[in-house]
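Below you will find the structure I want to go over with you.
Should a chain be cited, it is by its letter among A, B, C, D, E and F, assigned in written order, with residues numbered from 1 in that chain.
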Amino acid sequence: MPISLERMIHFVPPNIEKMRAKVPDLVNKVDVVLGNLEDAIPADAKSDARNGFIQLARENEFGSTGLWTRVNCLNSPWFLDDVMEIVQTVGDKLDVVMLPKVEGAWDIHYLDQLLAQLEAKGGLGKPILIHAILETAEGVKNVEQIAAASPRMHGMSLGPADLAASRGMKTTRVGGGHPDYAVLSDSDNSGVRTAFQQDLWHYTVGKMVDACLSYGLKPFYGPFGDFSDPQACESQFRNAFLMGCLGAWSLHPSQIEIAKKVFSPDPAEVAFARKILDAMPDGTGAVMIDGKMQDDATWKQAKVIVDLAQLVSSKDKELAEVYGF
Amino acid sequence: MPISLERMIHFVPPNIEKMRAKVPDLVNKVDVVLGNLEDAIPADAKSDARNGFIQLARENEFGSTGLWTRVNCLNSPWFLDDVMEIVQTVGDKLDVVMLPKVEGAWDIHYLDQLLAQLEAKGGLGKPILIHAILETAEGVKNVEQIAAASPRMHGMSLGPADLAASRGMKTTRVGGGHPDYAVLSDSDNSGVRTAFQQDLWHYTVGKMVDACLSYGLKPFYGPFGDFSDPQACESQFRNAFLMGCLGAWSLHPSQIEIAKKVFSPDPAEVAFARKILDAMPDGTGAVMIDGKMQDDATWKQAKVIVDLAQLVSSKDKELAEVYGF
Amino acid sequence: MPISLERMIHFVPPNIEKMRAKVPDLVNKVDVVLGNLEDAIPADAKSDARNGFIQLARENEFGSTGLWTRVNCLNSPWFLDDVMEIVQTVGDKLDVVMLPKVEGAWDIHYLDQLLAQLEAKGGLGKPILIHAILETAEGVKNVEQIAAASPRMHGMSLGPADLAASRGMKTTRVGGGHPDYAVLSDSDNSGVRTAFQQDLWHYTVGKMVDACLSYGLKPFYGPFGDFSDPQACESQFRNAFLMGCLGAWSLHPSQIEIAKKVFSPDPAEVAFARKILDAMPDGTGAVMIDGKMQDDATWKQAKVIVDLAQLVSSKDKELAEVYGF
Amino acid sequence: MPISLERMIHFVPPNIEKMRAKVPDLVNKVDVVLGNLEDAIPADAKSDARNGFIQLARENEFGSTGLWTRVNCLNSPWFLDDVMEIVQTVGDKLDVVMLPKVEGAWDIHYLDQLLAQLEAKGGLGKPILIHAILETAEGVKNVEQIAAASPRMHGMSLGPADLAASRGMKTTRVGGGHPDYAVLSDSDNSGVRTAFQQDLWHYTVGKMVDACLSYGLKPFYGPFGDFSDPQACESQFRNAFLMGCLGAWSLHPSQIEIAKKVFSPDPAEVAFARKILDAMPDGTGAVMIDGKMQDDATWKQAKVIVDLAQLVSSKDKELAEVYGF
Amino acid sequence: MPISLERMIHFVPPNIEKMRAKVPDLVNKVDVVLGNLEDAIPADAKSDARNGFIQLARENEFGSTGLWTRVNCLNSPWFLDDVMEIVQTVGDKLDVVMLPKVEGAWDIHYLDQLLAQLEAKGGLGKPILIHAILETAEGVKNVEQIAAASPRMHGMSLGPADLAASRGMKTTRVGGGHPDYAVLSDSDNSGVRTAFQQDLWHYTVGKMVDACLSYGLKPFYGPFGDFSDPQACESQFRNAFLMGCLGAWSLHPSQIEIAKKVFSPDPAEVAFARKILDAMPDGTGAVMIDGKMQDDATWKQAKVIVDLAQLVSSKDKELAEVYGF
Amino acid sequence: MPISLERMIHFVPPNIEKMRAKVPDLVNKVDVVLGNLEDAIPADAKSDARNGFIQLARENEFGSTGLWTRVNCLNSPWFLDDVMEIVQTVGDKLDVVMLPKVEGAWDIHYLDQLLAQLEAKGGLGKPILIHAILETAEGVKNVEQIAAASPRMHGMSLGPADLAASRGMKTTRVGGGHPDYAVLSDSDNSGVRTAFQQDLWHYTVGKMVDACLSYGLKPFYGPFGDFSDPQACESQFRNAFLMGCLGAWSLHPSQIEIAKKVFSPDPAEVAFARKILDAMPDGTGAVMIDGKMQDDATWKQAKVIVDLAQLVSSKDKELAEVYGF
């Protein structure tokens, strides 16, 4: 598995020429460019989107920026053409296929074999990876089998909109909180009760992260639907980051910078983490730093942050300077 | 599986004549009438309760209102008589048997076979369904196997009191929050720390909902014990509704209206959801509504809400008008 | 499985003579004395720690206070000597081996067999138990198999620092909350948005508790790293207590009293619980107490609290008086 | 599990008065008397058979001879009455319920719970055991789960007639060989080819024996249908004995002696086995006896035979003398 | 699953024009015509074979005779084209795809999805079924999962040649016995020892039959390689028939009649079986026929044979007369 | 996994000096020298055997001949010392540890970890492999999990004596047939019935071979106990060879030559197999050789034999000549 920086997976509708025209610029701004063929692409634009993606892939050089596509789901009439045409034309440039609505290991088995056969036919030297969207109740139930289904698995994204529909959650928001999910406190001394809002996605993100990390995969948060609320978007992204996610989707240009900010570790945290590593050169023993005990375990926590900062620095010169690498 | 409106499962102690006398009235007020034989019925009233339920079932017509019973648990001395006598006398009127303290698939296998044999003997044409109460640590661990154990499964209810005891949770409350479950914030600029109360049931409800929806079953929240606190009851019910539950238990008449209010979707949400459906007639593509992007996935979220509103409307004429159906 | 009071597992670095000297005093203050050989013990002090533990075990009488050791992890160069030397010298005094970084049932199978063989060789009459630390993503995924892996299993502790590193959680704190994990509310009438902080550990503790209780094991919270923040420590411990844990680790003397306070039930709760038990002598039926309905299920919740109070009373005479036992 | 001698399970049709009259005599001749309610009892005699069995059980004393019944299968209209009426009337005298057509663990779960509840109601002190008939393709597939399904499992019998039908084997024989199942040799020097007949049941018996012994259960061969061919019956029984079975069914009085002869070990084998045990008093090392090497492993093989001879001797004084016990 | 007579699956090499020319004639002689694209077709004739099959399918009407194809295996460069071109051109005429070298459920998942997508694209109304060849050690290990992998599963064939190679069996024969697999008897009275030849395939056929019948699939024996030995071929086919198989492959025209003879039940057996059915009109009770006891179980054995005879009669008028239908 | 020739695993009792003295000679005669510490070694000679093995390992050079030990079983008082002392002294010369009485994957997990830790301590560069003896009913039931339990698995041997005892098979023979396991034919025209002896081990060997080959392990037959019957020994070995085994144990010098003869392929078979390979250079297509059809599948069967002949030739110059390599 190549180690790549994937703070935001930026969605492009490849059926729209104006959007394809922005790709050369995007390549320098985002970590991953994804040509979206599925949800949000109207039924009558599906083949334009597929052809647009092939064109987009051919006409651009991506360097260290990832090139992904989200294909239509397995029980749609478009899936087979999506995969076959794209792999047979631009398979050598494609890094990852994002597969929506994955229900169980059998869905991965299918795409895995199909890619294997198309790669063999096309003489492709590098395996195309699979990224699953976790967006049905059954998918969440089977997340560990999905993670284990193929060595081709890259990671997973939580898809909160489809998942909400599949579970019968009564919300029309896409990600983020809902004011009605709250615990009501007892009355305080002055008789006031507070409704403490809760995170709708805690269990789902936690289970997905454990499944991913158990098999060496990368967990991601997916879309945040309300483009007019950058603060809530940032808050949702940050929660995912805290719990172990490595990136999120950007559906709107304004979300690129939010993702970049959230998924690049905080310089102060990085500085503190480096202090820990410096104080314990061999990673064993115990030291007190700023009044908090550090030992072999916190050394590993610090290493997670410093490693990520180094990966960010390799791509982002500005941040490299801020971090001091 | 018949599609029924089951916003509240109303508990009646059938050993008490006065309560049985209210049933004709109840049938028009609630979605489900449940004759309770288990917890809250004293040991020396168990056979009165069983006989009372049979009488209650015989003497009333239920129309589209469900008739359920909660039998005593499998390792009690009453279970076998509960099931045999009730199915052999009023099996043709009984919709669902609620089975408490389900630990694993084996418990469902037992009731499933017993019902099959009694139905065959009694020449019953319609299968009696099973509703499991999730109220032990082992039951939560095995929730997916329980959901898959029989095509006779109707759904599940979370039973917070028994579950708290089984897990060793240190609370005597029945459902709702507990002031001691809170995350303490860091000090803010003025040195103040806030204790943010948390939802004790998030993980459990989430896991139950995924298991239910994976097998086409219906998830419910169970009892709320403090009858004197309708606000906390409403808050607890609403959390369940948000996370995917379709109803809750009403143990006290005052909780009927709470359940009705919570488990019927909010008219404003319904109106917004209808806008989404109207804007995307074939369910594909992307549109902006009130500044939020909608696509195939949010279309499905909207459909969950509109479908529920229609189901509610089929029973509740007042709400039908409010929703505009 | 012996029933023991284990509100705090107190960590002692046995390589340090000064710390060993405090053990006779500790035995009267804590419920469990643990000689730590793993994280926080520098590589070059590992054999001193092992020898120090053997000396400490030999030189003290522990009475009803538990004697545990935390050995180095299975893929370290110290594990085999840790177990063999300790069991062969002071196996008759050792109650529990705490095994770090358990990934799956296979790790327990190994220690189980090794202990069996050393016990047989040494003619030990009482089986040494195993306590697993849950501190990797894979361990959390496999927690049910770990719980079921051997009749020698005593329980589990959540290890938040290693677990955070294993999951890629972006925090350098050891347990407790993180200010960045919060749900941002919608604007209220005055346009104010609140960030409601969330519990990072809810899913993990919930899953661990269910796995433990399904197999009759004891769940524990592990370390709280910031010794200078007793309030946050208490808050973290209390969350675990509420969700079903029976104790926590004390890494610093100041945490002993915090654990004692949290993991001994509140006298007011105990008094209320006794009222319930008194009102329902055979545990069936329904009564109203202080406006809240009590039945067979809340009777069990009350019993959890009263049983714990009785266990505490057997060791702590002061509290026995407070509880009125 | 009590250790009993069960060389033959003798089938009695309890609906026939003349057959019931023979039971007092049978008790001294056979190891197990089984009242058959299932196959071979006509539909219109089912309740006579059930009542006849109850009468038979009441009117006789069975001493060390087992009393079993074979009830009708789970999807028949008679099963529930069979079990309920028999356990509620003569449950204290009944040792084992033989359950036909077991498909999976779920079938055992059902009978297990039903017996538990009837035992509890009837205040029976000794658990009634379950003996499963392995007679469907699915049952053979699931034999290990069936064996593990309950601590109440006594053992299993291979039912070759139903199993042949379930598998689509093209034979109308009940047990034994079939002339068409044979391997044709190559031509020998004189051009002759031999058809070597094969054992139709090798795989099935082998798999059943492994499943049984893995869970401490007893394997049996079932019926041999051709009463006019005692030699083939003896051959079939002996094959089962060799492969690990402890007894077989006798459907005709003439088969009682065949079973007794086959399932009591051969005196010469017993004498040889005792030589081995005598030569290796502690069961370790190696000796040569009659030119064959004996070691710890053959000591165990010898013990199997000597233990069985001793069990036979405890019931059969004649054989005891022959064996020299 | 349609009920079809499939006594022989006749292999045709569709790359050879002369063989294609015989198909119109074959359709009346065999139960299934299979166009073979895999083993025995040279690498440089693969696309000729595929095109030949399409032509053969187009140019003939098959009536009640099955049309199957054996495609190349999943890790070959030909599989994808085989399936796509054939289903897209003659999918409406194709009954079954035979898939070689199936290792586990994942292989079936793949073909299942691919067929589903191609059927949807082509608007095919009738699902194309899958027949798996069991011919690797791993396939035999996983046979139950393979059987359960899809509702599209038709059945399985044992492939003895590849299986022998996969297991490292030291034989170059294709099916049938091997003179070296024999049990050597003890010396008889005259000092003679006999080598009793054994069936190499007993375990494999038994396990495959149980897996198939557990999931409602049809088991088949595959090829017999020595065309010059019709007797051994008949013996091999008959063993499979006895153990539950419904047909075999014919690789040479001479094997068609052998299969027809073996897999049509023996008229004498049919006559005897009809006697049993006639004697027990409701299938319960016990009767003696020709000295052998018959009961509900043998009634089912008889029914297997009579049902098969009726199916044969529906296609083969000559045999219908012999059977007397 | 190194590719080694292991036609016979020759057992040496290392406690007997005279036997150790023969090792230098043995190294040239056998493929594997195994120092036996378990069955056949008396309890009071266990530590002599262990020390003798260490001495034997130190004093000899083994070249391409394997050096194995069979340690005492896991629940014996000797296992731990066997493994620790041997690996710590002569671990660098030891190829394989043979583990007796393996019941499930957990037993392999234990030895696997113990070897890992001892190898790490001793700085051993080459992993010591594990060979499991399959000799209990539970082991046979779990054979697939055992095969999959560790990458350190070398293979398995069938242990017929212990297995017979574990299953309750009524035989005191070690391997080979038993005259009582036979199918009795119907009478022929002259009224003669033949008892066709059957293979007691067919199912067990078949299941073991499939499990081994599914995971890339090597299957072996174990001991043949009657040293005075070389013909029966050869017959037993040959059956194992036919079914896929690669070697057997030699417990007596006379069995070395038997194993060599059986497990080296027959020169005539090798010659025929080479014809097949020569006729199909690329392994595809179909040819007739000596009247038998050959295709891609028989090509693989032929390759199994030719590959083995080449491996034999690399060690045995005489056979190399016979084979013509």
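Here, a contact is a pair of C-beta atoms (placed from the backbone, for glycine too) under 8 Å apart; a residue touches a chain by one contact, two chains touch by 3 or more.
None of the values given here were measured: they were computed from a predicted structure.
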For chain A and chain E, chains touching each: none
Smallest count of steps, each to a touching chain, taking chain A to chain D: 2
Inter-copy rotation, chain B to chain E, in degrees (Cα atoms; steps of 5): 180
Chain copies touching (chain B, chain C) - same or different residues, decided at half shared: different
Label of the chain whose CA centroid is most distant from the centroid of chain F: B
Centre distance in Å when chain B and chain F are each reduced to the mean of their C-alpha atoms: 60
Centre-of-Cα separation between chain F and chain D, whole angstrom: 35
Chain A and chain F, separation of their C-alpha mean positions in angstrom: 51
For chain F, residues contacting two or more additional chains: 196, 198-199, 202-203
Chain contact graph, described as a line, ring, star, complete graph or other shape: other
Chain pairs that touch, as defined at the top of this document: A-B, A-C, A-E, B-C, B-D, C-F, D-E, D-F, E-F
Touching residues (chain side chain E, partner chain D) in the complex: 144, 176-177, 179, 196-199, 202-203, 206-207, 209-214, 219, 231-232, 235, 238-239, 241-244, 246, 265, 269, 272-273, 276, 282, 284-286, 291-293, 295-298, 300-305, 308
In the complex, chain C residues that touch chain F: 74-75, 77, 79-80, 105-107, 109-110, 113-114, 116-118, 120-121
Residues of chain E touching chain F in the complex: 13, 38-43, 45, 135, 137-138, 140-141, 159, 161-162, 164-174, 178, 180-186, 193-196, 198-200, 202-204, 225-228, 251-252
